[in-house]
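The following pair of complexes shares a single chain, chain A, combined with chain B in the former and chain C in the latter.
So, the complex of A and B:
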C-alpha cells in the first residue's frame, strides 16, 4: 500500500507482555537526531518506578524520558508513559498526564494514548501495536485508522504473546502487519523523509 | 458525540449560572474528555445534558461530582514515600507541632498513608491534620475510611515497600498491614483503624476560591495530581495561595510527574517531588 510518509508528526507504540525485547531492539537501531517524536506505552508494574527510563536511555542514541505534565513533544526524543498515569496527547503537541480510572484494567492505557493522539493529530499519527497478553490498544488503533493515520501491528506469528496483535488486527484491519525488523525499517524510513 | 470549544463554553456558563461551581479555570481538554465520558455514561446528548442541568439542581450536583472525582491510592508511588521519609521526616522531627493539609484529598488514602508513616515514626501526637476536597461524596468515603477489598493486594504491596522495607534506614519489618486496616471479608472491605480516622478534620473546599478554609498555617501541604486538571495560569495562582498558607521551613508536595515550572523558583526550591518554601 502506498502512503505519504511525510505527513506524520508522531509515532505511538503500545506493548505489553513480550514487547520489551522489540522495544529495546527498536531503540538500539533508531539513528541519532530522529525526526519524529515517539511515545511508548508499555504495561508495567506500577510500584516499580525506577530503572525503566534509565535502562532504555542506555540503549538509545536519542533522549529517553518519562515526561512531566504539560511537556512539549519534540523531535529526537522518545517518551515513555510513566507508571500509574495515563498519557494523553493534546492538539498543541503537548502531553497531559492523568490519574483518572484504569482503562482495560491498566494505567497507563494504550487505548487512552492512541485515541487522544488520533483525535488531536488526526491523520498525522502512526500507531503500532506489539506483543501483549490483553486487548488494550485495539480500540485506539482503530481510531487512528478512522482518522486516516497509519496503523501497524506486529505479526502475531512472530509476537511472543499474540493476543494483543490478534485483537488489534480483528478490530482495526491495520495498514500493515509487519515483523519486528520491518517495523524498525519502516520507522527509520519515515524519519528520513522529513530531513 | 464529540464536545467542542463552543459546547464547553455553554456547559461552563450553564453550571456557573445554576450553582456556585466554576469550571472556567479547568484545563479545557481534560474537561472536554470528562464531559464526553459523562454523555456516554449517562447515554444522553449534549443538549439534553444542559437542559437537565438547568432544571434539576440535584442532577447538576451529580454531574459536578462525576466531573470532580479523582483517584488516589494507599502509598501511591512507594519511591516518593521512601524519599519523603529520608528527606523530609528528619526535618519534621525537629518541630514541636506538625500541621498538615491534604488539598484535594479525594477518597482519603493519601491522608491515611501519611498518618501511618507519622504513627510508625512516633510523630502522630504532634500532628494536626486537615483534608479537603470539592466533592462531598469523596469526603464522605474518606471519613468512613472503607475501601473495596479488591485493593487489598495492591495496598499491602505498597505498604510493604514503604513501611516494612526502607532502603535508607531502619525498616519496620514486623509491622502488620492489619494494624491499620481491618480486613472485613464478609463485607468485602478494608476498614481504616479508628485512631487514624479520628485524627483528621475533613472539609468541603474548592481550590478555585484561592483562599484556604482556615487561618491556620501549614507545615506541609499535599496536593498530588490535582492541579494537572487546571489551566497553567491558574495553577500558578494556587501555588501562590499555598505559599502564603505555609509556615517558614515548610513543604508543598506534588505528584511524581508534576512540575511547578521555572516561574515558581523564587518561591520554592525543589527536592525530588517536594517543594521547600524559600524565605523571602
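So, the complex of A and C:
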C-alpha cells in the first residue's frame, strides 16, 4: 500500500486487556505539541471514572482529556473515550458522545469509534488495534481499511492477549502488523511529515 | 446501535425522511443531523428493512409512528447510572429542594423510567416521596404505559444492585421490588405522586414552579441550536435557586447554561438557577 504520511488527520487506537502498558509507552514517547489528534478507546469498568485520565496525563507530554459532547478535535491533544459513552467522530472534526445501545457488549465500543472515523474522515485516518480479549474493533478497522485509511495491528505474538489482534488481522488484512516499538516510531514519523 | 457497529443513512435520505415526517413527527427537526442519520439506520436494521424505498413505503403504515418511535428513542441505560450523581442528590440536592414550596421535580424526557424509579426510591428512603410532585414527560402513550407497569427485565437487577451499592446509601434496594421469573417489578405505590404528560417535545411542557430538573444524557442527541432553546425553556419554568442535573459529558458548549445557571457541582454537572 502506498502510504502518504502527510494525509492523516486523526489517529484512533483501540485496546482492551493487556493494552494499557502499550498505551502508556506510547504516550510517554510522543513528543510535545504532537501534530495529529489521537483518540484512545479502551475497555474499562463503566463505574470507575476517576483516575484514568489523571494517570495518563502524568506520563504524557501532551494534554490528555476525556472529551465533552461537541468538543472540537485539536492537534496536541490525546482524547480518551469516557466510560459508559460511545465516542463518535463527526465529519467536521468534532466529537459526539452517545449512550446508545452497547456494541460488542461494551460502551465505549472500539468498532463505533473506528467506523465513525472511517465514515467521517475517509482515508485520513490511522486505526490501531492493540492487545485485547474480545473481537471489538475488528470490523471498524476493516472499515478504515476500506475507506483507504492506514490500519495497524499489534503483533499478536507480542500482545499480552492476542484475541483482538488476531481477529483484526483476520477481518481486515491490515496495512501493517507492528510490534509496540514499531507502532510508536510510525506514529511519531507520521506527525513529523505534517510540520 | 445493537450489534450494528456504525451505519448512517445519507444526508439526502435524512432530508427526504424529514420532509415526509414533517407532520408525523414534527419534533424530529430538533435532533442533531448525525444522530438522525445513524438512528434511522439503526431503526431500519431493527425493523429488518434494508432497502430505503421500502422503508419510505413503510412510513405509510398506520402502526409505523408507534413502532418507529419505540426504536428511535435512546432508552436511559441504567438505574442509578453515575452513582456519584445519585449520592450527591441524596445527601445534598434533594434535602435542599425540599425547602421549596411547592416542591416539584420535572423529568422532561423520560424514555425508560429507570431514572424516574431511581429518583422515587431515593425520595422513599428519605421518607419525603409524598411531599414531592414529579412531572414526567414521555414521547408516547406506550412509553407511559410501559413505565407504569414498573417491570424491567431480570438482567437489569444486577446493574441496579451494583450501581446502588456504589452510592453507599445504607439501604436494601431489594425492599423496593419483587422478582418474577423473567423480571423485577417495582412497588407501584412509588408512582403515586407522579404525573405523566404525553409530549413530543420539552417545549410543549410548562410545569410551573419547578425546583429540580432531571435532564440527563438527552442534549447529546439534540442540535446545538435546540440545546440552547431547551436550556432557556428549563430556566423559564424553574423557581429561583432551583437545580438542574445534566449528563456528565454534555452541555459544555451551551452558552445559556453559563449565563443562566451557576455550576454548583462540577464533577456531577449539577447547576443552580441564578
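Simple rule for what comes next: the second predicted complex is superposed on the first by the 193 of 195 C-alpha atoms of A that agree within 3 Å, B and C clash if a C-alpha of one lies under 4 Å from a C-alpha of the other, contacts with A are read in each partner's own complex, and residues count from 1 in each chain.
Everything below uses one rule, namely that a contact is a pair of C-beta atoms (placed from the backbone, for glycine too) under 8 Å apart; a residue touches a chain by one contact, two chains touch by 3 or more.
In this text, all values refer to a predicted model and were calculated from it rather than measured experimentally.
Peer 1: In the superposed model on chain A, is it clash or fit for chain B and chain C?
Peer 2: These partners clash in the superposed model.
Peer 1: Given the touch rule stated above, what does A:84 touch, chain B (first), chain C (second), both, or neither?
Peer 2: Touch status of A:84: both partners.
Peer 1: Mind working out whether A:111 is in touch with chain B, chain C, both or neither, as first, second, both or neither?
Peer 2: second
Peer 1: By the touch definition at the top of the document, which applies to A:121: first (chain B), second (chain C), both, or neither?
Peer 2: A:121: touches no partner chain.
Peer 1: Per the overlay, which chain contacts more chain A residues, chain B or chain C?
Peer 2: Residues of chain A touched, chain B against chain C: more for C.
Peer 1: Considering only the touch criterion stated at the top, classify A:23 as touching first (chain B), second (chain C), both, or neither.
Peer 2: Neither partner.
Peer 1: Please work out whether A:140 is in contact with chain B alone, chain C alone, both, or neither, and reply first, second, both or neither.
Peer 2: Only chain C is touched by A:140; chain B is not.
Peer 1: Jot down the residues of chain A that show up as touching in both complexes, chain B in one and chain C in the other.
Peer 2: Common to the two interfaces on chain A: residues 47, 49, 66-70, 82, 84-85, 88, 90, 96-101, 119.
Peer 1: What residues of chain C sit close enough to touch chain A in their complex?
Peer 2: 1-8, 32, 34-35, 38-39, 42, 74, 76-77, 81-84, 162-163, 166, 217, 219-221, 224, 247-253
Peer 1: Can you list the residues on chain A that touch chain C in the complex?
Peer 2: 47, 49, 66-71, 82, 84-86, 88, 90, 96-101, 103-104, 107, 109, 111-112, 115-116, 119, 139-140, 143
Peer 1: Can you name the residues of chain B that touch chain A in the complex?
Peer 2: Touch list, chain B to chain A: 2, 27, 29-30, 33, 70-72, 76-79, 157-158, 161, 225, 228-229, 232, 255-259.
Peer 1: Would you mind writing out the residues of chain A in touch with chain B in their complex?
Peer 2: Touch list, chain A to chain B: 47, 49-50, 66-70, 82, 84-85, 88, 90-91, 96-101, 119.
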